[in-house]
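Dumping the structure here so I can ask a few things about it.
Every chain is named by a letter (A, B, C and D) in the order it is written, and numbering of its residues begins at 1.
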Amino acid sequence: MDLTDILATVHRDMQAHLGRGRVADYIPALARVDPKHFGIALITCHGQHAAAGDSAIPFSIQSVSKLFTLTLALEKHGGKLWKRVGHESSGSSFNSIVQLEQEQGIPRNPLINAGALVVTDALLESGAPANLITHITAFMQQLADDPSISVDPEVATSEGETGFRNASLANFLRAYNNLHSPVADVLQVYFNQCALRMNCRQLARAGLFLANAGIDPLNHTHITTPMRARRLNALMMTCGHYDASGDVAFRVGLPGKSGVGGGILAIAPGRASIAVWSPGLNPAGNSLVGQMALERLAALTGWSVF
Amino acid sequence: MDLTDILATVHRDMQAHLGRGRVADYIPALARVDPKHFGIALITCHGQHAAAGDSAIPFSIQSVSKLFTLTLALEKHGGKLWKRVGHESSGSSFNSIVQLEQEQGIPRNPLINAGALVVTDALLESGAPANLITHITAFMQQLADDPSISVDPEVATSEGETGFRNASLANFLRAYNNLHSPVADVLQVYFNQCALRMNCRQLARAGLFLANAGIDPLNHTHITTPMRARRLNALMMTCGHYDASGDVAFRVGLPGKSGVGGGILAIAPGRASIAVWSPGLNPAGNSLVGQMALERLAALTGWSVF
Amino acid sequence: MDLTDILATVHRDMQAHLGRGRVADYIPALARVDPKHFGIALITCHGQHAAAGDSAIPFSIQSVSKLFTLTLALEKHGGKLWKRVGHESSGSSFNSIVQLEQEQGIPRNPLINAGALVVTDALLESGAPANLITHITAFMQQLADDPSISVDPEVATSEGETGFRNASLANFLRAYNNLHSPVADVLQVYFNQCALRMNCRQLARAGLFLANAGIDPLNHTHITTPMRARRLNALMMTCGHYDASGDVAFRVGLPGKSGVGGGILAIAPGRASIAVWSPGLNPAGNSLVGQMALERLAALTGWSVF
Amino acid sequence: MDLTDILATVHRDMQAHLGRGRVADYIPALARVDPKHFGIALITCHGQHAAAGDSAIPFSIQSVSKLFTLTLALEKHGGKLWKRVGHESSGSSFNSIVQLEQEQGIPRNPLINAGALVVTDALLESGAPANLITHITAFMQQLADDPSISVDPEVATSEGETGFRNASLANFLRAYNNLHSPVADVLQVYFNQCALRMNCRQLARAGLFLANAGIDPLNHTHITTPMRARRLNALMMTCGHYDASGDVAFRVGLPGKSGVGGGILAIAPGRASIAVWSPGLNPAGNSLVGQMALERLAALTGWSVF
């Protein structure tokens, strides 16, 4: 099985679908992205690389960042974090405030917006937002082994100007005493982490520790424990694609996390880390072509965990 | 039927219940109010006054203010206001954000928090918050025929410091584009209108136009149209007591609006305006003894509209 | 004010709207009714009659029957009935099972389907369904002073054949132990009470006790107590028009109960009982033209309770 | 790694917990089961067996049966089945009717009660219930390679006498036209499939095809396609433990399906099929000790798919 050939096949098979879906348009910097982009890259636990399409063009990772802040927060707080956020799938849309009310301010899981705000707050504690943004960026640079990764300031600013729904969630969490830092500080960090720009190659590299029991297989750095790596993968499987997580488990069979920028990071445990990007979203808010590409990749590689 | 005797009877019958219920404790200025207070006052369309108990002690009118800002907003915008807020009972707790999400940012009615924020926004438009606060205060002074009525600055400040849930609602409305002014401005006005201090005599006097088809019967000032006065009463009947509105209709049979400060304004159309105050709240958030007093009053007077 | 003239005016003003709305089509006997029918009748507490349009044509009273079985159940069980069914507006559609689950099998009020099933069960206890159907029919004959009133057997049979949603509700109530008789028996009675055929004149006459504190003013029969009559009116005001009850309170200002057959019974307390019928329904399930006619009538008579 | 040793270790480690949880008590035959039972058995794709504890004592498989009727229905109807039932996790309790209403009669997935009723209906079509019960029983006998497997008639009868909630769901589905056979027929089959009695050894054997891409590895019989086997596993991972599915993915990392009889079938794809039984349930309705045992087993074997 030649992985470069497989990605080339996936790339070719997606041609007919490029441009489908709807590009996120709530901020200008996202709205003006060409919907026909498609990139894919993977890296195996043995360090083998493969890529196809626009794999070197950076995009806004958006909610994919939730996975990395969660990794940091678990290292910092351990299992106590689960007192503030659950680990069940939400069964409803990704920024729903309904469930939050019914469950008294404890978000269903850390991969929906409300949960990610709690995770960011857990990282922030009483520190300065700017320091935490620097710390998260440095973590992504370390994981991707690439010091050029940075936050897109235009996106971060735009998120702040239009992020009323996230401001609503953050205030709601604060009302339930499940946000401890000032709302504005938590939102500042959150909007910046979402505005990280990475390309598929960088993102696949950054996720590799999750395919290798928490250790970066190329430089042997401990990122998290084996148990936490497994649990992060489990969370991605059950909650990583908003309320289409079950459908992705069903069709693709790999844990993954998507973002409204059109990126998806998927993990084949023990094998590889894969990043795909295509900006058009399906109604559930996941990259339409990206999800199709992962389904095709899983079929060609047999990497489904099921 | 001597109204002074009736209020004395009501007052006496409430003695055994004074202190029941739970005083609102989310801000210090409310928490320290003595739960044993009880005051009641009424004024008829013919100008007859009666009062009993602590009818001259001022309290925070809180949500009762929603009725008066709604009156102003209807005069300003007319029926167009109903495109931004409904007029159905909510069937769930008073500051629920669930319903708001299900109904796409259109609050169920103007007497729940979300709806009142929209009403305040409709009054504010692009004006300065301080001007609107002055305008609302002047309106209450006019209605109560008492220039001493004012906002309690401690309460207004405390509301602002703890009002995360209202901040959440306001941001949520803004996310649905149903709030046009800056969130902070709307909240500033809202927290100030809730912090108006009035006693039962003033409050009963202020509501008298609602018992008299929109005209102040004592000075013949037009406050609103007969149709709007009827509709304000209808709204109070179906939505004025949060999700216990049906129970109050059932037991009391008069339109009314309650506030977490323990005040209730009730209207006997064509007859009188009644204000009652007792700080202990029942689980639905309405004055426990105040509601009992109104039930007793309705029984003694036969003023139920049913 | 000549009531016959007023009804003629209402009738004339409705001409332009006849045929609007959607006739209930879930059973053939309802689906084939001509949507252009319109009838209205009223009777005052002094025995004055007035009528216009198709006031002598019988129709299926459907949910209007809930008011009368509730009257019987209150006489039989008194206030204990309120342990099995609430008296708050539901804030959601008329046969919703959601609320029932959230509230552990206690229906929100007796005028929605779930609540009416509990009321029928409370009347049935261990008796035979046929006896109870006879009893309810006799009660309607007594109230309307007309022994010709009867159940339409075709409608009752059709309801049974298509009533899966009501069967679902009944089983659900049974699962919560809030239905004591066999599900099939309760449904049999319920489908028969809904299939009662009456015309506007009969229906207005039947409701007259509610306008007169529980006593039939023409023959001085005690039907219910003054307090219960007031409470029945309060329930109609807050819950009588499904989730448009607030809108009817707002526009009409009279307590009323509607049915999917297109009939509405409205009460002007102390004054009159009014029945209107027009088969086309609005989206909330209430007679579209019937509701308009009541709004017009209230405007012409000034009978709004507000 | 000696699997017999591992199961012995798991068995020993569970001793301290035996009797915890709450035995299902809604029917007598379940209520009287000794809560201290614990059995576990597994069989590998190479035919290796291991067992410990009460692995030969039969129990009521209850909802585990949903997995097998789903397998049959997918073979019969293929992908068309997914028009009648979804494949997303429900995010709420296992027999919730709320979600069914919000989603217009399409159950969230086939492993909750509503979805399983649709699956049974899809198998039943216009056939006789008794024939389908025979067919399902024969399928289980074939899969478990044991002709002694049978339905417990006492349990099936008791389910029918107390199954008001399932009767409610079935009528509800019928109201949305998503049940085609008579409600009573569907319920008869459903109550019988739930009443199948099997022990851990039989159940592990019956699930083995799911660990081996749809082919029984011991007799090479085609049970389902590789893709369907993967999808059945994905469904078990995201939906197999009611609203604790995410927690089981998180802690155990194996697809599984639980039943209120205390049984759980878990699949280690490519490796083995595991059945565990202990009657005490946790608040989510899954075997408390059974779930702990699977967590321990996954830790000892490293079989987590993540």
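We adopt the following convention: a contact is a pair of C-beta atoms (placed from the backbone, for glycine too) under 8 Å apart; a residue touches a chain by one contact, two chains touch by 3 or more.
What you see is a predicted model, and the numbers here were worked out from it, not measured in a lab.
*Asks:* Which chain has its C-alpha centroid at the greatest distance from the C-alpha centroid of subunit C?
*Replies:* Computed centres place A farthest from subunit C.
*Asks:* Using mean C-alpha positions as chain centres, tell me how far subunit B is from subunit D in Å, no decimals.
*Replies:* Computed from C-alpha means, the inter-chain centre distance equals 55 Å.
*Asks:* Using CA atom averages as chain centres, what separation in Å is found between subunit A and subunit B?
*Replies:* The mean C-alpha positions of subunit A and subunit B differ by 47 Å.
*Asks:* Can you work out the whole-Å distance between the CA centroids of subunit B and subunit C?
*Replies:* 33
*Asks:* Listing for subunit A: what residues touch at least two other chains?
*Replies:* In subunit A, nothing touches at least two other chains.
*Asks:* Please classify the inter-chain touch graph. Allowed labels: line, ring, star, complete, other.
*Replies:* ring
*Asks:* Could you list each pair of chains that touch one another?
*Replies:* Touching chain pairs, listed by label, come out as A-B, A-D, B-C, C-D.
*Asks:* If you look only at subunit A, which of its residues touch subunit D in the complex?
*Replies:* Subunit A reaches subunit D through residues 86-92, 99, 108-109, 229-231, 233-235, 237-239, 243-247, 249-250, 253, 255, 269, 304-306.
*Asks:* So in the complex, the part of subunit C that touches subunit D is made up of which residues?
*Replies:* So the residues of subunit C touching subunit D come out as 96-98, 101-102, 164-165, 167-172, 174-175, 183.
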